């Protein structure tokens, strides 16, 4: 391995670009990476075409890092392509791992999304309605754009994935740890979430934990928080307990509740359902009406429960989207 | 799925109980085709000896390592079939039952639908059993001392029985003297023995017993530990706070009387001559049966079911009031032969030994019995000038439909029993449950009437539900016998079903800590991990459902086992199965 | 043939399962649409179980526990009450009719009530029809054009469409 | 409006012969077995209940005891041996004392001594009066015709005077009975038309006792009918044809035939009843109130003296016949003056009247409870 540079490809599917920035956020390490690896394909940073990848031999790449969810035919095509060409495929970041923020689109139907984007968008100029079509014949032939799926998928819905890197985006230290592991060849068990704890954020959170009994829920800005005490115990809806640790407790340490981007711990099948079970358990009331009114203080339960992982949920989208 | 599973499937015909509706052969055929099923058989009575032997033989000869029996409710025969597995040397927890009798053949008529349902339930059981694990029971020692809460007739009986069997007993009584509510009564129905005599004998025995430690003016403030190994903290007013090591706790905290002022129309508190049964008992004990202003009453009216059998207050029957009221008929008539007694009742419940005879004897004293409608208690008002009585009790008589004014100089309210207002504190302290009326709940209403959901904690007397002295004493002696049986063994087995926390997965979030009703979960602040004390755990699984890290496993009710069951019941029947 | 819904029931061992058994011993006939899963306490019912049942094709889920205040485990059912409340909000967000998820209290003596409950829920689900959740891991649907036609037709009615 | 309970009511009824009322626990076996119980009149259970509840005013307003003929089925069937039949009997006595405005009835029923003294006093007064009258205006040795000791015409006038007094007394009591049961009850409105239409019930029941015949046991009815007709025959003979019996020597065989038959009936039924009450042969003979014995004693005395004086007269011993005649009258007068308005014999008026009043009540109740549309229809046709 030492005589041959690592052959690496990076790709973004349905993503915001934050994951690519996270790679760049490794500062000087990126230079080490460049020294150790040939970046054969990285649309955000390196010029290249799909044809170049297709031209590679199967398994020619040592590592393909895929960030973003699978939303359309193009995403799927590239996912399958990289799977074929790479020895290791890594689902990088919440979108590839669990569906991520784009996955919240599964709360709505494709028709609704389409209507919103092209017909009811407040930024549309009146009378100027432009609708995309997937194919258009022009003089030089037929033009195509990728087809949008009914719903958003996580990467392993489409192709087998070797490793997962959690986070939105993954913490730079974690990115380094993953790349170092690949470079050094010291790889954990296949299918694992790399560079993370097996426990929840609470394990690493330094806030004081006492009795969990909640009579009222707050948005972070509605209450003066005790910086030393568990946010949830103060009624601030924090997903730290249902979220795998590894981020360095970035949000709670800065006074914001955890939002769950690292996904559930290994023992939990459904992060959102667990969120519901845990949060509801600590409501301090026995009266049905009071319970309803306390729990009614949590806006958009689905958004809280599955902010980063609706496509990974037991039911991966609403009845409208499925 | 586990590849090494060899499952034996047995479906019981239960004579024709199951087979007349469920096509057992068809179920057998379909189950036989499932992966991991090594044999599938139908038999007429699986619970019979040949049925059990069939399982035992198959385990030995065919090397089965899992068993599914589709038969009656597991509440019926799970122990039977577990024994069959044990007989063949297989861990009893490798059994799963499908309830196709009580919840299928007995409640459905359509053979097609019932067979489909039986298939689904059996399928679920087969899928579940693949993930069963052999579980071992846990053993613990049993401390000989017993803590008895309450020094009424029940508590005294438990304490005396145990102490006279040479076992140490701590009898904790909140008041300054023993006797409880029985100590407030004059005579007892139906044999008219003196309550004082009954108590005096018990108290003398208690005080004479060297093994019995009577703690008056004392209360239990904390109970830690588990069956056989409790630590009880008892605080005595003006005395020391003691830490006692006890193996069992018997709760005999009794009842409180219904507050008659709550039923305004009865006039209690408004008319001095409207008194409660306990106030009458007091007058009878003092031998002064007279009205508030010292007159001899010519008419005495007794109102039954005050607070009892009334949907607005307590829906249940307090069980002793009818007999006590009849007793008053005797006592009043013998003290004042000229007085006329009227009983205003809802139903005359004179059950039990001697009860009906006592009713007959009272009615022969020319007691007037008027029946009123449940929920429509009589109305008491002052008599009009010229009446030969002080009060008038207006009753809607149910048998005749008449509205009747009954003359009265003294109105006696048979106040019902209710759970003590602070019963919830006791329940929380010792870890037992209360029903909607606040009575403590027994393990099984018929088969385990003095045990509770917390092993090692027993209930006796009126804290469980209203009862008379014989029943309280019988329950108390039953509780004493239960305790002695365990003390004799010196050790106990704790059920293998309990929750476990994987310390490698626990995040120390403390979400579960407050959820456990038995305080079986403790948090180690240094390790920042929670753990379950298995002997205390009752396996309800509430913490398992809540654990956000997925670190708690419910032994024998794991997530995986239940997921398999969910998929199993739906795999064949769901309209959209994949 | 009439639609026969499948209901997955989670019944607590001490009250509701015993109540269901009582319906059996008393031979109180009811609809055969329920598939029961026994749990020790309704407090064991993880919301995941309910979602899992829908994902696996159930048309309804019935969770039964002891009456509030009557729990064999003192207060397990209160936790169920809270979880089912919040789960109800999620289920609504999923677009699943709330009537498909029911939390009911059935005591060990309420065999009659249990039977009535099963019949009632079965009839209600019959009227609602099958639960419209597609299998979770369905083939990736690819009917962009169909969608395009639908929306195009809608816009065509307004008469101002340009194709970019 | 609430009804006042009288807790002493059972004790009071016991003075009228009620026994074991407290044993009743309202199972209703008595009402089930009674052939008369039904419709709006459910007894003896309801009356037993009124009694146990001390509802004096309700009990006073009830007609039900009069609808009972004491066949004894209820007492036989009672699982508590509460003797409802005897209680009904005692209620009839009590009701009689309520209807009686003089209070004499209550006195007699509660004290047999008082009744006996009254009888003796009336008997003595009668004896003395008739002896003085006879000795003053006639001759002890003459029985009939001119100078007779007790001439038929005089006795006749005496009888009529007595009858008028009795009718007035009984009439007042009957009016009181009507007022207690129908007239004074505001819940019951009986149209005058019905009063007229149903008036035939009084003579019908009086003469036929047809309701009594509906009892399962027919013998008591037959015995009672014989007694009643014997008595009636005798009454008619005495009131209208006394001289046929008394005058001689020619014998009017028609009158005598009736007379002998009636005498036979009276003696026979008296012997039957005395035997029954001594041996307790039938349920209704099981319990005997003092007034029952007094009544039977008088009946036996009157029958015996009547027959003997007639025999003496016909065998030509006028003096002895006259002495026995006085003795006979000493029985007859108290029997009529005291028994008819104040004691047992008053039921000959109350029973048929009760049939009439109960029928009236039933009519009134039927109007009350008829459906509204039907009532409207009735109004329209009217």
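The chains carry the letters A, B, C and D, assigned in the order they are written, with residues numbered from 1 in each.
Note that in this section a contact is a pair of C-beta atoms (placed from the backbone, for glycine too) under 8 Å apart; a residue touches a chain by one contact, two chains touch by 3 or more.
Predicted model only: the values in this text are computed from it and were never measured.
Q: Report back the single chain whose CA centre is most distant from the CA centre of chain D.
A: Chain A.
Q: Return the chain pair with more inter-chain C-beta contacts, choosing between A-B and B-D.
A: Answer to which pair has more contacts is A-B.
Q: Mind checking the centre-to-centre distance between chain A and chain B? Centres are C-alpha means, answer in whole Å.
A: 52
Q: I'd like to verify one number: the distance from the centre of chain C to the centre of chain D, where each centre is the average of its C-alpha atoms, in whole angstrom.
A: Here chain C and chain D have centroids separated by 80 Å.
Q: What is the distance, in whole Å, between the centres of chain B and chain D, each centre taken as the mean of its C-alpha atoms?
A: Inter-chain centre distance comes to 66 Å.
Q: Hey, how far is the Cα centre of chain A from the one of chain D, in Å?
A: Each chain's C-alpha centroid was found; their separation is 108 Å.
Q: Indicate the residues of chain C shared as contacts by at least two other chains.
A: Correct list: 46-48, 52, 68, 75, 79, 83, 134, 137.
Q: Where in chain B do residues touch two or more of the other chains?
A: Within chain B, the residues that touch at least two other chains are 515, 542, 545-546, 559, 563.
Q: Two-or-more-chain contact residues of chain D, please, as numbers and ranges.
A: Residues of chain D touching two or more partner chains: there are none.
Q: Hey, which residues of chain A end up touching chain C in the complex?
A: Touching chain C from chain A are residues 73, 76, 107, 110-111, 114-115, 118-119, 127-134, 136, 147-150, 153, 157-158, 269-270, 272-274, 276-277, 279-281, 283, 285-286, 288, 291-292, 295-296, 298, 300-302, 305, 313-316, 318-320, 322.
Q: If we count contacts the way the header does, which residues on chain A are in touch with chain B in the complex?
A: Interface residues on the chain A side: 198-203, 209-213, 230, 240-242, 245, 264-269, 274-275, 277-278, 281-282.
Q: Enumerate the contact residues on chain B facing chain D in the complex.
A: The contact residues of chain B facing chain D are 299, 340, 342, 360, 363-370, 394, 397, 399-400, 402-407.
Q: Help me check something: in the complex, which residues belonging to chain C touch chain B?
A: Residues of chain C touching chain B: 3-4, 6, 8, 13, 17-18, 20-21, 23-25, 27-30, 32, 35-41, 43-49, 52-53, 56-59, 67-76, 79, 83, 115, 130, 134-135, 137.
Q: Under the touch definition given earlier, write down the residues of chain C that touch chain A in their complex.
A: Residue list for chain C touching chain A: 46-48, 50-52, 54-55, 68, 75, 78-79, 81-83, 85-87, 89-90, 93-96, 132-134, 136-138, 140-145, 147-148, 150-152, 154-155, 158, 160-164.
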